[in-house]
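Common to both upcoming complexes is chain A, partnered first by chain B, then by chain C.
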Partner chain A sequence: MGQYILRRLLQAIPLLIIITVIVFFLMKTAGDPLAELALDPRITESDRILARAEYGLDDPLPTQFLNWLVGDDWRSRELQLPIQQESTEGTCLGTPINEGERVTITLDNGTEQETLLQNGRCYRVVYLQGTARGILRGDFGDSIARGRPVLEVIGAVLPNTLLLGITSYLVIITFAFSLGIFQALRQYSFFDNLITTFSFILVSMPIFLVALLSVYIFAVQFRKWGLPYLPVQGMYSVNTDGSVGDLARHMILPVFCIAAISVAGYSRFVRASMLEVINSDYVRTARAKGLGERRITYVHALKNASLPLVTLMGLDIPFILTGAIVTERIFSWPGMGTLFLESLNRLDYAVVITFVLMLAIAVVLFQLITDILYAVLDPRVRYS
Partner chain B sequence: MTDVSTTPNGIAKLSTETKHAKAETMATLIRRRFLRHRMAVVGASIMGAIILFVVGGALFYGEAEGNTPDPTAPFVPPTLDSLYNAAPILAESEIPVLLGLVTYDQTLALLDEAVQFGMITERDRDAILAGTENANRFDGTTEDTDLLNKLKIFEGLRLTRVQYTGIANPNFANDTFWIALQRFNPDAVARLRAQGEGRAEAEFGVTNEIIDARVMYLEEFKSLGADQIMAELDKYAIAESRFQVTQVTLTTEGVFERLAELDLAVVQGVVEKSEQLGLITATEKQNILNGVESASTYNDQVPADFPIEQMQVLTIIEGLRFYGVWTGNLDRFPVPDRLTLDTARVNFPQYSDEQITALSNFRKEFQDTKVHHVVSRLNKIAEAEEKVEAANTFRTRFRHVMGTDQVGRDLLVRMIYGGQISLMIGITAVAISISLGTIVGLVSGYFGGWIGALLMRIVEALLAIPSLVLLLLLSNALSRSATTTNILGRELSTTVIVIVLIIGLLGWMGLSRIVRSLVLSLKEQEFVVAARTLGASDMRIIFKHILPNCIAPIVVSATLGIGGAIITEAYLSFLGFGVQEPTATWGNILNRAQGDIARYWWMWLFPGVFITLTVLSINFIGDGLRDALDPRSLR
Partner chain C sequence: MKKLFRIVSLSLMLSLMLVIGVRVVSAQGSTIVIGWEQEPSQLSPASDMAFASYMTNFYQRGHVEFYGNNAEITPLMITEIPTVENGMVVTTDAGATQVTYTLREGMLWSDGTPITSADCLVGHRLYSDESTGSFQRGTYLEQVASVEAVDDFTFVMTYKAAFPDYLVDATPQCGWPAHILNPLLDAGTQLQDMPFMSPAGATSFVGYGPYVISEWRVGEQVTFSRNPNWGNNPWEQAPAIDNIVTRFIFDASQMRNALEVGDIDMAFNWPVSDAGAYNALADTFVWSTPGVFQDALWLNMQPTDSSAASQAMADVNIRKALIHALDRQKYITTLLDPDGTLGIKVPANYFHPNWVPEDVQPLAYDPDLALDLFADAGWTDTDGDGVLDDGNGNPFLIRAYTTTAQIRLDFLTLMQADLAAIGVTMQFFGVPGGTVLFASYEERGIISTGDFDMTLFALSFDPLSPNITPEWFTCDAIRVPGGSNGYGFCNPDFDALIPQIATTVDATARAELYHSAARLLSEGQFWHGLFPRNTFYAVNSAKFNPDSMVDMGVLTGNYFNRVEYWTPAN
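== the complex of A and B ==
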């Protein structure tokens, strides 16, 4: 078993590398995150060049990737920044200088500056020391849009999404199983058909429709009808100071939206799985032995029925994030989904790449955990 | 009896027979077993209805109507009025009743006081009394002249709310009448006053005396019931705009009065000067003076006894308008006292400095002679005529049945054409997906070995990232530029192609795994072994023996994939990364509904319901197909 785990982890590494390369390439070709600097007339050309160089955007793509991977704090680059003033022929900043010659000029404030005259323009020579250490050393870069380290930016919103995701997941498990078992025990009854119909419709709905409908009904219309209504914006109300109850109220609608569709889908699976198990031989034996119905259902049948579901649900954990992206946008929940969309829009490649990498690692880990869990739960399964 | 399967011919016959038998069984199976599924039939009918809506609706409406904004009708809620073809009639509305409660003198007093308190200017008042804005459209709707006069004033006051050509109230920067009134409601003023001396003044930016006077005016206004009159006029105008576009004619535009002020010689001089300055060519000048293009334009609007000289003036000015002398050429030049040469050089680089000054002077002359007044009014008439024509081609029967969006585009038309795009995206993306998936599955299953393993590794890699994330990344990279190209004869955004490609390229993984496992089991079956023994090449075996037996999961996957693709496109468009404007898709329309979902519920409900119905029916059909083609029950 240990060998199997190790093998899987090792197999995951080239996968992660490929994913990183793909995402890096996609983000870089999407556009230039510092493009709007060019539009602001107050930013001089030398500032622009400096900004681009600081973020490493003027290197060719493979170099950028390498820098991002292993960092560039071992290199120091020379930058030539154009000096803005009108220069007279043969002089720069008042000092006579020849074409192609570098001269160290002392400025008024006492600092020394290396100046270069090239093609008739004066340049200020600056040596830029690389500061990135690369992700292999734990430095995930800075977010261009926010100017703070990526890990800090992500760390600020990750708990919010985890809160939403874990709560939704628990809700999904509880309700999917309860509904599925309920339906299986009362097959073809009125409730069974009702829930099946609802499930069908819910599964066909896009998640934002569920969200919009629930917002419309529970927030807007309830308010109009004078019933207690639910808040729809953000995590906390503006004028309270963050009590747990307030947070819980804000979480009701988003969790409901994320969970609703999954519950609808899974309850059908649970129902089908339970039905299959209930009609099997060993359950019949158990009944013949005289065991109580409840023990049969919840101990024998459920355990065997839940095996394929464990796989399914285990694999789905990272995909709850997909639902979260849309839901967070509608409910203005400050989470990873909102961060991702914003960063995409502003071409903040560092955040996006780190985010996708984290997601891929999470998927790989959860796949592994699911497989192990499957082996643990089902003694018939053995991994070499 | 000899065992058929051991002789060479027998083997061949056996394999083809089996294959044919399998295919025949499948077709009849689909027919018989599918139709036994109630839900599948229901699904198929819903799908049929949607396709009918999307295709048939296009026969009623041109596509341009869906994408043409209509600024007079933004945010109109869905209404069934147009079905009953009930154009509003003045006599049947509340307006005459309410107007009966006010006398003409009171109305005039209201108008004068509005000028006195600076809510409208003197010029506004003159214009209102002359009825030069659309107030004259009520002419002929009733015989009661007293009613008409009062109506004219009230409608004129109401219309000062909209942009009143270039007249800005100097005291209250664009504070037109209705806004000025509504801002000074007594409760707000009282509240502010209670908060402290001068707060009302600070809040509204006018002195306390003026505020008091306006509040008194407001109370008088309300006591006469005038605010109700205004509200009724608003409703009437909206109802009217649904059925006809107001006809604008020479009379309503006050062209005849202006013509009377003009002298033929002056106008001819303007034409000459235009040619000298190079705004028109010599041929164009001759055409204008002889009325080649313009003589008959307004023949039906001019009364029989119209003076000949004025007719000539009209013809020449129409000629000037026809050749665009005012719009596009001259109207952008600043008049001499506001001309800065630097800005002018930047904006009109094709003219030299002298030309710029000359043109600027000419523009002032043009304005002074009041010729441009006539030109701009004629422009308005031409615009209105285009609108009338457009409105007449737009079937008024189902107008605004689904409401309109922020810029006044009718939602029903957008849903029809958006539906076409959505469905088309779904089908095309799935076509790409199943082709790729089938090929990859066949190759990796049949040939196995390192290529099979490699392909499966790629599949796993692609499945490791949630598809929405990958789609967003790809869309972000590829669809940042929103150009339009001509696809199948329609102007569509290039993002449509991008979306089709990326959804297609990310949806094949599931099918490839299913096909692969199916191929692995089929590979060892007797008919394949038999075919190989007979010397059939690999390609032949794959395409003639294995592939026909894989059709079942492919068909099911294709059907369910269409639903998935439609939902995926809706997700992408909803987040803003899908198909870009002006091409409409269902997801696109939903995207624009995010502003105010409570008030404008129709903008998200209709696309959402349609998407749900489409996917629901596809799921039903897919389930029915899956049961019908279930290999376990083929025997």
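== the complex of A and C ==
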């Protein structure tokens, strides 16, 4: 088993590299995150050059990728910043200078400044030392939109997403298994048909529709009808001490929206698997041996019936990490999904790439965990 | 027994949901919650985001304030507005503008430290030295020669040349406390890296304004509370509302829902298409203020297409005829303001209304006059097919381009019908703005190269200054690299006015100049306004008094600068 895990982890490395390369180049070709600075008259050309240099945006694309991987703290960039102060022909800051020549000028405050005259324009020459250490050394770069390290930006919202995602998943598992087992044990009953109908309706609805409808019903209309209504955005009320009750109220609608569709889908799987299992020979044998129905259902049948679900959940769980993008957006939940959308809009590539990388790692890890769980749940499965 | 257990369980679950669902009425006191559609990266007065600069007005004020939709100017940190008349604005022997400012005595930073001229020197240090960080310097470096303190409350700002916009551009920067910034700058810390610039340290930001930052919940809200050191002087209006909360709601429809259910008290910057829905909300007052964009039709005066109709556009009367055929106010009523409550009018001129003389008015809708003008130019329906032609079998068919924005396409659809009614065929195309319509001359952009008969887009202006952007209007910007004047407006008199407007300090003389410029633009008959891009607001009128809020100011970062005058509902 140990060898199998090691092999799978090693196999994941090229996969992650390929994903990283694709996402990096896709994001880099999507546009220039600082392009709008060129349209802002409040930003001088020098400030624009400096800002771009800080993020290495003017380096060739392969160099940018290299910087992102291994950092750029081992080198400095030469920048030529236009001097805005007036210069007469053949002089820069009052010092005679020839075209193409570099001279060091002592300024009024005593500091020395390397100056260049090029095409009749004076430039201040500065050397900007790189500061990025690269992802291989644990530095995922700085968010251009926020001016802070990516890990700090993600760290601020990841707990919110985990809270929403894990809670939703607990709700999904609880309800999906309960409903699925209930339906399987009462196949073709009124409630089985009723739940099946609702499941199909929910499965066929996009999540944004569920979200908007739930807001309309449980917040807008409930308020109109004079009923207790639910908040529609954020994690806490405006003036709050951060109580659990307040948080729970804010979670009801987002959790409901995330869970509703998944419960509908998963419960169908549970129902189908359970139906297959409870009619099998070993369950009949268990009954013949006099085991209680509850034990047969929840211990013997459910264990085998849950195998297909394990695969499905193994694929879905990584998305808890990355947040329910649509739901977070609609409910203004300050999580990873909201961060991802905003970063994508602002071409904040460092955040987007880290986000995708996190998702890729999570998918690889949970696939591995799923495979291991398979072996635990089904003794016939062996990895050697 | 099983059934009873189920009933009890279900009842318990429902009760729990109801208990959680009951709205906690917390002690809100006087707190106004404003729905904000974007979270700023940092709460800096030098931030790169317009939304952050609006927020800045809660906790950081400038030396003067521009109140109201007509940009009425009021001294805030200074004793009086410097003018030529009061002798505080003089011209040096070298021809440069020199302005003397006198700070009011008794002003305190939010940490209790007195404000003096030394603080205004910090602003100069930040803006005149590029090593202090990368942020918006604008034309400061180009315009300002020096700032010198005369005494604790007087300082003199000298420009490099004559500079009439000394109140609106390259202004003194007195918003940075010297006792906090100077030590950090001395240590080589750049502005954006200073600890109070990030969300984690924002509550330690020291400013001069009616509120201070009291909490920043990343991704959720920023809370501002009364500044204890504001309101002790006659010019500092003490706020009637104790707290302002800016709540980040990224989805436009959720903004409206949040207002409806009471999660927020005010929604702003929502699309005009939502006006009807906001108007329908109970206890909600809706209003709008002018923005800095006006969508307009730009007609090609120097056609590139060889068709007879395109070539006819060079005739000023044909351009007038086209506009007379368009019922522009009807389009506004149909598409933007069905019940007329928003009061949206056809803009008269490219300039902000502040800079336009009263005699410059939009061309009236008059299809008969349009037909007469076409007939005078030789365009009539000679073959009775309902389309104007030149008698040589050439129909009057023109091409119009705009972006893919639906509202613009809707406007063009209505225009197409009006033009068809007088026999003009207009084909229109929605194309990507950045890469096709507005692309540079080198990239063969439609506007830059003049490859159109008519185009619909918005160009911004500065409502606080009548300065003109040369690359859009001058003769030497017509279809050349770096130029955007693809419609071919060329008037040497107009070109000569641009530097004069930029350097004439005398207010009366300057007004004459920009009125002349507005008239010349109007006479060109190439720019015709369609609708102003207003900013829309909705407030819970049961909780707050809309009359205290409607004067929001013009869009140059000074929105919300009257927030201390806002009052709760009676």
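To be clear about the criterion, the second predicted complex is superposed on the first by the 378 of 384 C-alpha atoms of A that agree within 3 Å, B and C clash if a C-alpha of one lies under 4 Å from a C-alpha of the other, contacts with A are read in each partner's own complex, and residues count from 1 in each chain.
The definition used in the following text is that a residue touches a chain if its C-beta (ideal position, glycine included) is under 8 Å from a C-beta of that chain, and two chains touch if they have at least 3 such contacts.
All values reported here derive from a predicted model rather than from experimental measurement.
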Exercise for the section: Label the relationship between chain B and chain C on chain A in the superposed model as either fit or clash. Expected result: clash
Problem - First (chain B), second (chain C), both or neither touched by A:19 - result: first
Handout entry: Touching partner for A:201 - first (chain B), second (chain C), both, neither
Key = first
Practice task
Could you look at A:44 and tell me whether it touches chain B, chain C, both or neither (first, second, both, neither)?
Solution key: second
Practice task
Check whether A:236 is in contact with chain B, with chain C, with both or with neither, and answer first, second, both or neither.
Solution key: second
Practice task
Name the contact category of A:245: first (chain B only), second (chain C only), both, or neither.
Solution key: second
Exercise for the section: Classify the contacts of A:228 with the two partner chains as first (chain B alone), second (chain C alone), both, or neither. Expected result: second
Practice task
Specify the partner with more touching residues on chain A, choosing between chain B and chain C.
Solution key: C
Practice task
Tell me which partner A:61 touches in the superposition: chain B (first), chain C (second), both or neither.
Solution key: neither
Problem - First, second, both or neither for A:145, with chain B first and chain C second - result: second
Handout entry: First, second, both or neither for A:81, with chain B first and chain C second
Key = second
Completion exercise
Both partners, chain B and chain C, contact chain A at residues 212, 215-216, 220, 329-330, 341
Fill in the blank from the handout: Per the touch rule above, chain A residues touching chain C in the complex are 37, 40-44, 46-48, 50-51, 54, 81, 84-86, 124, 143, 145-148, 156-157, 160, 212, 215-216, 219-220, 223, 228-240, 245-246, 248-249, 252, 329-332, 334-335, 338-339, 341-342
Practice task
Under the touch definition given earlier, write down the residues of chain B that touch chain A in their complex.
Solution key: 460-461, 464-469, 472-474, 476-477, 480, 563, 567, 570-571, 574-577, 590, 593-594, 597-598, 601, 604-605, 608-609, 611-613, 615-616, 619-620
Practice task
State the interface residues of chain A toward chain B in the complex, per the touch definition above.
Solution key: 15, 18-19, 23, 26-27, 29-31, 200-201, 203-209, 212-213, 215-216, 220, 318-319, 321-322, 325-326, 329-330, 340-341, 344-345, 347, 352, 356, 359-360, 363-364
Problem - Residues of chain C defined as touching chain A within the complex - result: 17-18, 20-24, 26-28, 31, 33, 38-39, 41-42, 48, 130, 134-139, 141-142, 160, 192, 198-199, 217-221, 223, 243, 245, 247-251, 253-254, 257-258, 260-263
